[in-house]
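Should a chain be cited, it is by its letter among A, B, C and D, assigned in written order, with residues numbered from 1 in that chain.
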């Protein structure tokens, strides 16, 4: 699912994608910047965040994970979050990629990147999108442990 | 100049490099993560920042730039900044790459990346290193305009 | 009237089903929907609600054709 | 005594040289170094100072063999 909103709000483009298969966040950044981003020479700052699956959580070894989501609502909420960020900070473009389905340790779960003229906006908007995503985007993690499975109960705050 | 401090302070490694030639920050991140970083499955968060040369500054078109530095002191100050970050936040590894010499618009100037277990530390430490670098690391930019040259007078704050 | 009720995450497993179609006439709010699908229980504080894919309060109104969803706190990212 | 004095950025162009070697005996502080290389001027507020590659105040002591540097505000990143 690829959701691109093209300059609907003043200034910024945002691409939001849900991915059922693994992705390389740095190859994505490179490709997006080269092929999609229309601002060569205009952006001075890019802040990106990559969330990666760890092989442990709350003192237990985690073998793999299933990421449930709510098709339609997940994309809509990510879009809302990006729109809010656009009203709060001046940036040129943003990219959000989030995995769904089966994930293995060391695989990327989420990439958020923001391109802007000045670094403050890039850092602030990237972090805002990440934090809001963590608290509002409808995703649910189920971990497979050495013995049995468990749903992750709650995300912790990131500030 | 490649400066790696290996677990001198508890926990974190840091690699600092000055580069006389262009570099691709996302290829560097990918390579560093694959070849150097010894924490597969342990880091859940990576925050990175890339500063890119713009083709304008203070209402003037900038054709190219020369980045002067103070060999020895520049590396030492970057090392100090990274050490301070290590005492303030818990992270696993950090990478700082900074260009020196002739730079063209759209080329990367600086990459700062921080790997940690939790996202708050990655964001905070990455931004701290960038801000301190901007105010304390001995680099000086001289811009070539359509007519003539000028030294950049001062960096602006990023918060 | 007809309301589709969907469940996600651990709540889906607790409910033992992915959705319900409600046809009852005496449903005005999200809370009423929950009571109808849970044999009269009150909506637990920690369960989040959405109407037509937007977050909604328990006392938000629902109408014929709406899609109502219930799910635990989100854990993406 | 012998002190190497280095200049960077725009200050290097203003000084018209990359460094000086000071041999004077009556130099105790960074300010004294500046006066010696600038024909008695006071150190401008905006010029930063380093002794042996660490930032230093104008009244920081200098000794034989030190490397002292003067430069404008930094503009990297």
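Brief remarks on what is shown
We take it that contacts are C-beta pairs under 8 Å (C-beta built on N, C-alpha and C of every residue); 3 or more make two chains touch, one makes a residue touch a chain.
Because the structure is predicted, anything quoted here is derived from the model rather than measured.
Shared contacts of chain B and chain D, meaning chains that touch the two of them, come down to nothing at all. Rounded to a whole number, the gap between the C-alpha centres of chain A and chain B is 23 angstrom. For the pair chain A and chain C, the distance between C-alpha centroids works out to 27 Å.
A straight line joining the Cα centres of chain C and chain D is 72 Å long.
Between chain A and chain D the centroid-to-centroid distance comes to 48 Å (mean Cα coordinates, whole Å). Of all residues in chain A, those touching 2 or more other chains are 51, 119, 130, listed in ascending order.
The multi-chain contact residues of chain D, meaning those touching 2 or more other chains, are 77. All chain pairs that count as touching, in label order, are A-B, A-C, B-D. Those residues of chain C that touch chain A in the complex are listed here as 6, 8-10, 12-13, 50, 53-55, 69, 71-77.
Those residues of chain A that touch chain B in the complex are listed here as 24, 26-27, 29-30, 33, 40-56, 105-106, 117-120, 122-123, 126-127, 130, 156-159. Residues of chain B touching chain D in their complex: 51, 67-70, 72-73, 76-77, 98, 109-110, 130, 133-142, 151-155.
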